[in-house]
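Labels run A, B, C and D following the written order; every chain starts at residue 1.
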Amino acid sequence: MKHLPLGPLCYEFSRHNEPRLRIESGETVLVEAEDAFSGQIRTNDDRRDKSLKPYGNPQTGPIWVGDAAPGDALAVKIESIEPSIGQCATRTSDPKQLAQWLGTDCPHGTHVCPIHDGLIYWSDDLTIPYRPMLGCIGTAPDTGVPTTGPAGPHGGNMDIIETAPGNTVFLPVYVEGAYLYLGDAHAAMGHGELSASGLEMASKTTITVELLKGKTIPAPRIEAPNEIMTIATGCPMERSIAQAYAWLSLWMEADYGWGRWRAYDILTHVGQISVGYYDIGTVAAKIDKEYLAKPS
Amino acid sequence: MKHLPLGPLCYEFSRHNEPRLRIESGETVLVEAEDAFSGQIRTNDDRRDKSLKPYGNPQTGPIWVGDAAPGDALAVKIESIEPSIGQCATRTSDPKQLAQWLGTDCPHGTHVCPIHDGLIYWSDDLTIPYRPMLGCIGTAPDTGVPTTGPAGPHGGNMDIIETAPGNTVFLPVYVEGAYLYLGDAHAAMGHGELSASGLEMASKTTITVELLKGKTIPAPRIEAPNEIMTIATGCPMERSIAQAYAWLSLWMEADYGWGRWRAYDILTHVGQISVGYYDIGTVAAKIDKEYLAKPS
Amino acid sequence: MKHLPLGPLCYEFSRHNEPRLRIESGETVLVEAEDAFSGQIRTNDDRRDKSLKPYGNPQTGPIWVGDAAPGDALAVKIESIEPSIGQCATRTSDPKQLAQWLGTDCPHGTHVCPIHDGLIYWSDDLTIPYRPMLGCIGTAPDTGVPTTGPAGPHGGNMDIIETAPGNTVFLPVYVEGAYLYLGDAHAAMGHGELSASGLEMASKTTITVELLKGKTIPAPRIEAPNEIMTIATGCPMERSIAQAYAWLSLWMEADYGWGRWRAYDILTHVGQISVGYYDIGTVAAKIDKEYLAKPS
Amino acid sequence: MKHLPLGPLCYEFSRHNEPRLRIESGETVLVEAEDAFSGQIRTNDDRRDKSLKPYGNPQTGPIWVGDAAPGDALAVKIESIEPSIGQCATRTSDPKQLAQWLGTDCPHGTHVCPIHDGLIYWSDDLTIPYRPMLGCIGTAPDTGVPTTGPAGPHGGNMDIIETAPGNTVFLPVYVEGAYLYLGDAHAAMGHGELSASGLEMASKTTITVELLKGKTIPAPRIEAPNEIMTIATGCPMERSIAQAYAWLSLWMEADYGWGRWRAYDILTHVGQISVGYYDIGTVAAKIDKEYLAKPS
């Protein structure tokens, strides 16, 4: 197994970025990533230094995948996500779109949460089950520059709960070598990532990367043991829901023997939506595999 | 237990509408409702006659709740929802917002689905678990006229999965007597109600109605055995998500001993979103009760 | 000319509302309306008393139009809009969607602005040209209850600048008698009505009402001397823009000899958008009449 | 005056992009750009060859501006925009968001329109005044890669009518040298750019570029002889309108002596909105200069 240790923190990779690791299809890699606070919050008293670059959301990568070319896809199996230092951190901040109801006197409320025995200690009294996921995973968009700006067809900053151990993320390839990167792990996350600060965690993620030669997909997909899903992003969210369900219907048509309109019908009755970071309108549209097997 | 049988089908109640039933707080009522196709689809060959009024979404009611006045709320416990005739029906139609991806050659695809032994027979091969819910339940908005137009603070056409047996729906009262009504039952429904035609079912719903005197709430709420939720509606959906979470934070502050910013923080990590009819942006923002008990 | 003087202030008309005036097609009426503050702000020191009903947006009407029936339309020519008392008033309030940029320390800033010689005296130094319009004009929606809730196909609370003297507003009829009403005059208004408080003015509006028997239209339209426009409302605004332009294309096809796709093409190059109250997504899509005459 | 002739067509500049021209603050440049069809449509019978890269929206640049660094701004005065070959071209295509009203049987309708004597000959009968503008003008976002993807704080693909001769566009600088680029000229454009295909024109644009050292702005601005405006982009459009007006209020506070809440008030009454490409929610919020001079 290859190992990609922490390197220089990158928010946006420079335009002369060189791959930090080169792998072939089928390889497994352990990727270390700093948390979304760039490691600046290790105790409750720490405050962020925004003069440092990047003060937020550093990624690890890019990883060059041998033979990957525009029009291909990657299948990235997430084997595991472990905390690097046994803790995570979060903070509240300006409530953005909630200000008209809650006001703007939000305390910053930075606090560090220990993680052990499968639990996150959010406060003395309250624990949250450890359900890790990656806030960001993506390939380079066709600019060739890995980005943690708003998510897109290349993946990126999606903040989808299902980007989790045991699941496989499918990503389009837009540039030679794919330029895979990841980071922004959360120890757990609710739908919407309301305050925009999850339980941010320095992480060790193990992935296995397969190149799907000639497999062209319009946007990220995830396959879990029991369900498949398509991911769309963009405001307004009702449009990204329409788009994600449309793509799921077309996927069911292309790969599972369903007619698109039969798929459209059954999704009306059994489809599910998982909401990512709400402010940029990321959603996953899902269907249980038990239904997929019966195209009628 | 009182019984409100099927009466004349009403889409929008006339402006001289008289209550069809009068109850007092605490009473249990069995309410019969026609399906959202106004009972016009009983076999696969039936087609809707749009010249009839209403050809769609008839409701049963209004029910006058004694002593209810503006500023109060109703707590409507849904005891059970049963199919009236052992079947439901659905159809595909114009894909509205999906047309740019799927095209507009959608067949109408009307089909009737038998319901028995806890299963909905969607096709010869595929069954869906029977998980009934009410597409519509509401009080009259302050116009005094029950409506199945877009959902609002009065409830109405919400299409939220959690409007289900075992749960209690809280509704604001805007007019004297509350003017409660319900209908549009679905035998099951996916998030978003993609095609706008659920598994439409003539239904017998048993509810117990409590008047909460002087309890003013800004919008519908639902309490399930394991979770509480607030409902907001309106496009864009990212705004209704913000609003639903804001209301949930304020509810946790008012009734559960949480500070609003602590609530805002924990909802970021454990909140959940359930998407109702996507085209009008209805959502429920939820939190598990296990977290509620520990305001820290 | 008939005269409909100020009567009891109505925000939402009661559900047993009786027409206050009955007219026949072709009649001209002078309609007096209170301002949107219900006349509570006559000096800079006045404050609103929200315990009064309605404290906001009273309308004058409904007006019964003889022979009007569902499926018809009204053509309401706005002959003139005059200030009733030579002044208007405005105030700033919570910035709603702007709070995340501006904060929430907005002063209420009530101030009264004299109107004379075609100018509005907003401050000692700054005058604004007097360009009056009606914030609200509508027929009853199919509930039969005139409403100042969010605008809809029946018109209502549209806040479109072009609802102005010299122009004709076309409104669908949904109930017998049409139930026309108007109010919420502004002495001038910017696109979007940013703070939601225009230059609110008690007004005397003269209208001439024609019944267009059997003319079914999907939503309000306005004809000005030099342009025609369709009005759509609803969030997100990019959807209402799409809808308004689609309706305008179909109108050009139905009444002006254009093919819908040629209309779609020319609107791309010469169409104009006027934004009403931005928070509910009201827009008018327009085309100059000089282009209409040349369907090619 | 420097001259930047047509070079290799670039949709997205490669990540090893080298500036094609280097200028100093104050210089005037004549920039030639191909039309948004990459010059593939010169007659009505031409069809696009999508196998070529780029088949759409090539830009000319990047231009390195000496001494420009992150935190600065450029003031780009548009001196003139001339047609390179005396014609423009347009086409209709899939109606995207209008499909549910118009259907999807849209003909491609490619047609070339001669330009002479200040008129665009859209058909034999119908002419449109020549009012040229640039669909795209921007600096590199902080990835360092000029882009014609959705517009952003760096400008880019804004499709704002006011990007026109006589006006000055202010753009933030995110990378050393600024990396200015432009293209996508339209001979005229309606609000919204409904079909997404304007009157696409190969163009010769003359600009004068000033570096505003240390002037940090959050997003593009335009100054016209009679008005100033801020530009925001993103869906839903009601959010970008809120953002554009908020930025305009803060600009009035910073540079024109207005308090932000007085600015917020006056913009309610005299502000104007210009809608760019509607599908990505680009808008300009504007105020006439005559009001600016009187902060009261």
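Here is the rule we go by: contacts are C-beta pairs under 8 Å (C-beta built on N, C-alpha and C of every residue); 3 or more make two chains touch, one makes a residue touch a chain.
Everything quoted here is computed from the prediction, not taken from an experiment.
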item	value
Partner chains that chain A and chain D have in common	B, C
Interface sides of chain A and chain B: same vs different residues, half threshold	same
Centre distance in Å when chain B and chain D are each reduced to the mean of their C-alpha atoms	46
Cα-centroid distance, chain B relative to chain C, in whole angstrom	33
Where chain A touches two or more other chains, by residue	95-97, 235-236, 238-239, 281
Chain A - residues contacting chain C, complex	94-97, 99-100, 103-104, 235-236, 238-239
List of chain C residues in touch with chain B within their complex	12, 14-17, 141-145, 147, 149, 234-236, 239, 281
Chain C to chain D touching residues, read off their complex	90, 92, 95-98, 101-102, 106-107, 109, 120, 122-126, 128, 188-199, 235-239, 241-243, 245-247, 249-250, 260-262, 264-273, 275, 278-279, 281, 285, 291, 294, 296
